[in-house]
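Right after this note come the structures.
Each of the next two complexes has subunit A plus one other chain: subunit B in the first, subunit C in the second.
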Partner chain A sequence: MVLELQKPRPVWQIMFSTHHTDVGYLYLVFGITFLFMGGVLAMIIRTHLFFPGQNVLVSDSATFNRIFTVHGLTMLFLFALPVANGIGNILVPIMVRYKDMAYPKLNAIAFWMNPVGAALLWLGFADTTWVSYAPYSIIRAPGPAADMFIFGMKILGISSILSSINFVVTVLKCKHPDLPLRRVPLFAWSMLTVSLMTIVAMPTYAAALIMMLTDRLGLSGFFNPFAGGDPIAYLHLFWFTFHPEVYIFLLPAIGMMYEIIPRFSRKPLYSQASGVFAFVMLGIIGFASWGHHMYSTGMDFTTKVVFMIGTLAAVPASGMHVFNFLATMWGGRIRFAAPMKFAVGGIALFFSAGAGGVLNSAMPLDFISHGTYWVVGHMHLFLIGTIGFGFVAMIYYMFPYVTGRMYNEKWASAHFVLMFWGTVQTFFTQHLLGLEGMPRRVYDYPTDFTSWTQLNQISTVGAWLIGASFVIFLASLIYYSAKGKPANMDDPWGIGGKYYYPVSAKNPHGGHSGY
Partner chain B sequence: MSHSEHDETIYRTTPRRVGKMLAIIIGIQVIGGAIFFTHYDYWNSYLPEAGKLQEQQMEQAAVPSTSGAGPSSTQGTFTGKEIHVNLKFIESPDFKSYGFNAPKGSPGADPEIDVNVGDKIDFSVTNGGKSFHAFAVTASTSGPGPAIDGTTIGTADNPMKPGDHGAVSFVPASAGTYYYICAVPGHRELGMEGKIVVGGGAAGGLAAGTGGTAPANGNKVSYSLAFEISPDFSKYGFNGTGGAGTNPDITVHSGDTVTIHLSNPSKSFHAFGIVTDPENPSSVVWNAAFKSPDSPMKPGETGDMTFVAGTPGLYHYICTVPGHAALGMDGHFIVEK
Partner chain C sequence: MGHDTAEWVFVAIVIAVLCYVGVDSWMIQKEVEDVPADAEIIKVTGQQWYWSFEHPNGTKEVNTLHLKVNHAYKFEIYSRDVMHSFNIPDWVVFEDAVPGHTNHAWFAPNEVGTYPIQCREYCGLLHYNMRGSLVVEPNT
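Take a look at the complex of A and B:
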């Protein structure tokens, strides 16, 4: 019954299973583990920057560079993508009423590439920054760390393409014949959109990685200016993949909010069609804005205008999601249980981060904020404020489903208050720090600017609050999955409506006997 | 499906299972951590091939192809006098202009140091700015290095913090122009660069010539110079391409009327000039130029030029065709009183 224990089995049977809920569970455990490993690095970074001019935790700048590089890689590729894939694995086949993913073995292979990629990234601990811009990554980044980074990303990229193919086929070809595509739940739509985006975007980066590797070996000089190459070409290839990737990280979180908000508002979703439309729009527009990462590389004016318009075109589509959420909540009997708290908090921060993004995309303003802590604040407000909140909301929402037990609502509230307050304090402050001129990715900063010191310290205290909130989260996850009250599996929150208990989750190995 | 179908037992996660999961997760992390930390230095241990190639290129560019002349990339032995220099890293309040002792363009910024081969310069360096800096002496004319061995205080990776102090000494091994710089990338370009002009050999003790004129004293001297290029076009020089007799020092007295017989037995175009700065072919003094890069001497051509030597100092006779001086066509022209 319970997802983790469909008929009690040894843990190793889950590990070697190809069933979609088991693979999804592995993805979740993997992603949450790396959330905490990346989080520890984040705490080291912020604590180190608490005092200017002192080696608080990190004794040299090279180690500092390695730490923030691996922090970024971990949070993006070892936390955000696996958790989205995990929840997608568990829910998408159920949502389209199929017994499993389309290709179960491929699904398991895609998951098991993740630990390999993760081991390469963490053992090498490269110092290239997660963007690994040329020429540093080609002529200076020391090996074998940087080569392990390239292979690790390569493996994670292949894994991501394989799981995307699986999702696309599952949704488009394996959905129940009685279920028209437009009626497929919005979370499955979000996974379909990001999977299609991944399939279009990822090969570019895969090619760029190979070019970077041969450049490093001295065999080619695509991005190596000493061999006549062009480092800006790498930026184009990189951001052609990774601006869409921003939406690939974001849309599953939005899809999760679409699961949670109608349920806890006890109202039907306001508009399924506008949600579908906005997902598809974002999926297309995501490819029209990569150049806004590169305004300051000497692009000509026309190109900048095109990318600026392409970026701003994402605003109406994002706004459709926000209005859809608000209209769904409007007049509902809202139950602010933990998943709803995090979902609503995520919407508020999504709006704030989006507003900052509009300023970034305006190219004259971008020249002020480019390369400063403003960008760090903006990006993290999206990644924690929207994606993190959406994922945490969904993890709380799925907790009874996975473990058969209930988390503690009071501790979840404490987690929410600390995390929301900490996110605002940390990342709003970093916007100000950017406007004060502090560059990003710095190991230390001068003692002379009092405002830099003060803002850094405010930001660091905020980060500690987030850290504390996640300590509560981790303790809750462990303690209440072992000793929590048995959940009422029909309706854990007592709000009525449908919670997923599919036949397939009861009988993992076949036995799909009607729905 | 309805909500009353649970006729079977609902299994729930137990502390035992959670403990097993945690043991697996933490076990993997402990093993991984052990592998990581026991190899901590290995993971970042070597440069990529492309980086090695690039370093070779930079080293070749930094080593001058002239024989004997030009700055050396290592320190020499201390035989001369000891010179004390105090330097301070300073930035302008708007951080747009950097310099030693004062921001570039202000009086007293980046003082020039004139020494001879074998002299020892004791640098006493303070970071009086608000940013991070690193001190180095280099022979390269641009970029943050490579530094001459033993002349660095801090590095770009581990720089001098504001208020830090350090001392280092430099003994030039050969004559030429060296630079003391901030080795943090970009700072040299913003102004943290001062010249160390090292005289040596016959030119020892002479300051660089100023280019002033002197009245003719009636004394006449003449010299012969031939533009020569090695068969593989890698070495250039006057009266030879690196062997004995190449680029002979020409010593005259101020006011002498100097005649130089020029010949071009090489296979390339050349032009002659006497300059204050061998890197700047347009710094010709006393109109002492024969032909120009736009209208050069053709192979086989010969010609004479005559001029009156001006104020005393160290000058250079070079080929004014761009690049040829750096390839070796650069000799000392010394004017004595």
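Take a look at the complex of A and C:
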């Protein structure tokens, strides 16, 4: 499975392939490309907010609103999901000891829907925000951008349902008969869980999108209060899908940490059963909390309490993962190579993000944090701090297996230090900004409160550090996959132990990597 | 300690903390939502991109709201177009303005001064500039 960098194949052969590793590479290249495109938008947003009252980089709020909308959509649907799918495609069939995904053609089709959806989102460049609340998205958002957004999301949603079906069947039906389900590695378990969640959650949003479209066309008034509808209904449908979806973004990264932590601690995993249990629990209870995004919409007291309890009930499952990781590391001979650094950094940020989430879900505190920069800080501690760190850890981990070469540990350390520091500085600061009352999704802010300006500038500098760390990342991915030292493929980090993947996987064309 | 004992203890601690958070929130929220009977009703209307206020005696104001110190007020919050969110951060007054709905919030300012009012739900082009101020005046 050593990538074609050493034995090049024509690109079209990979593009038209239905083999799971090839589709996996396509997802990875796609996802990483959009990570950088979304990243450029983030740098524009943060740099603009460094200078209150000035038109630096963006000179009107219409453009600014479009930029943060497309930034959010890109990072969630064109980076986080595709990268998880890419790594899932490469590893899940190997982990369940099957020759490919269950439906290889469907797999390729699901991938190729992504560029179409991406094109619609980027060419439309809508200003609806990623949540696209009614009635703004219906009566005010300018077309054709908003309509292209609807179609783009529709296509991406279908793609994600198709790939989820594929993962579920691959794990449940195609797994090797000698391999009991409870022994299936936890990364494959995470993909199974999120695939089942997607199949349950996503159709609701798909329906809401169609209703939004017919509302926009004036054919219906589901969410349009001026045609007898109710915008709150849209919020319910949206969050019924998207609160579970935040766990769909999260769990694959946790699954990746389960691959890395035991290996680099040179100890067996503390408890496989606890990991499986926590995934399944979260997969179920995750559906009981969507209303925590809607406390301030005029919900009555009892409903708020019910959703608060639902939210808090999902927390122990996340705590169990943290415990499992720490108990695995406890007393281990830990080797802090790049994958381990990023995994451990990710766990630390995961813990702080979860603690902040608990505060959000406490009703009275949410009236302070909702709609402010606190929420932006909260979600980014998960999205960058946990998911970003988990993915980066896994990419470093797979690097020698995929390229046959070794990345440079010094540059990887520089990447880690900058990214960790930057994440803390950017997003912890945004929590404080939220407590100071600064609303999110703003093009500009008044300068009468000095703390807003200072905290924004601190946060922006942190974002620049993250940006710099990713420049290092990209440069080393490219440089060391061509020029890196050949890796010792049996044991790239010299930590002993056997790796059941991906070294034994076969190349679809012309064969075998030779290992 | 045995394999499982440590984990059970950990989970028990987490659950205990969560119970504390839940019960405490329940009690505080209950208190926060208990509107005093003598609260004066102020109608608040959000629209792209300003706030208008109506006092019980019919006086109307735009973007600047004048109230008296040490007096309870209940806001009835409406929207004319898209969703907004009525917010006075210094007094933790915060509730969405949703077209087709009437939402409520209340407070009783006990300090004279001028405080920012803002919109905390994205409402389009000038959302960032949908700002006003609250002037709490001494009781004469």
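Keep this in mind: the second predicted complex is superposed on the first by the 495 of 515 C-alpha atoms of A that agree within 3 Å, B and C clash if a C-alpha of one lies under 4 Å from a C-alpha of the other, contacts with A are read in each partner's own complex, and residues count from 1 in each chain.
Rule of thumb we're sticking to: contacts are C-beta pairs under 8 Å (C-beta built on N, C-alpha and C of every residue); 3 or more make two chains touch, one makes a residue touch a chain.
Keep in mind that what you see is a predicted model, and the values were worked out from it rather than measured.
Partners subunit B and subunit C, brought together by superposition on subunit A, clash. Shared-chain residue A:Phe226: touches subunit B and subunit C both. By the touch criterion defined above, A:Ser61 reaches both subunit B and subunit C. Of the two partner chains, subunit B is the only one that A:Thr403 touches; subunit C does not reach it. When the shared chain is aligned, subunit B and subunit C each come close enough to touch A:Pro446.
In the overlay built on the shared chain, the residue A:Gly143 is in contact with subunit B alone; subunit C does not reach it. Once chain A of one complex is fitted onto chain A of the other, the partner contacts of A:Val11 are limited to subunit B, with no touch recorded for subunit C.
After overlaying the two complexes on the shared chain, residue contacts for A:Pro268 are found with neither subunit B nor subunit C. Here subunit B runs into subunit C after the superposition, and of 115-123, 169-177 or 187-195 the stretch doing so is 187-195. In the superposition on chain A, the residues of subunit A contacting both subunit B and subunit C are 61-62, 127, 139-141, 226, 444, 446.
The touching residues of subunit B, counted against subunit A in their complex, run 1, 3-4, 6, 8-15, 17-22, 24-25, 29, 32, 35-36, 39, 42-54, 57, 130-132, 157-158, 161-162. Interface residues of subunit A, counted against subunit C in their complex, comprise 61-62, 65, 127, 129, 133, 135-136, 139-141, 225-226, 230-232, 270-271, 274, 296-298, 301, 304-305, 308-309, 312-313, 315-316, 319-320, 323, 327, 358-359, 361-365, 367-368, 370-372, 436-437, 439-446. Looking at the complex, you find that subunit A touches subunit B at residues 1-2, 4-8, 11, 29, 33, 37, 53, 60-62, 66, 119, 122-125, 127, 138-148, 215-219, 221, 224, 226-227, 402-405, 444, 446-448, 478, 481-483, 486, 489-491, 501, 503, 515.
Against subunit A, in their complex, subunit C makes its touches with residues 3, 6-7, 10-11, 14-15, 18, 21-22, 24-26, 28-30, 32-33, 48, 81-83, 85, 87, 89-90, 92, 94-96, 98-104, 116, 118-129, 131.
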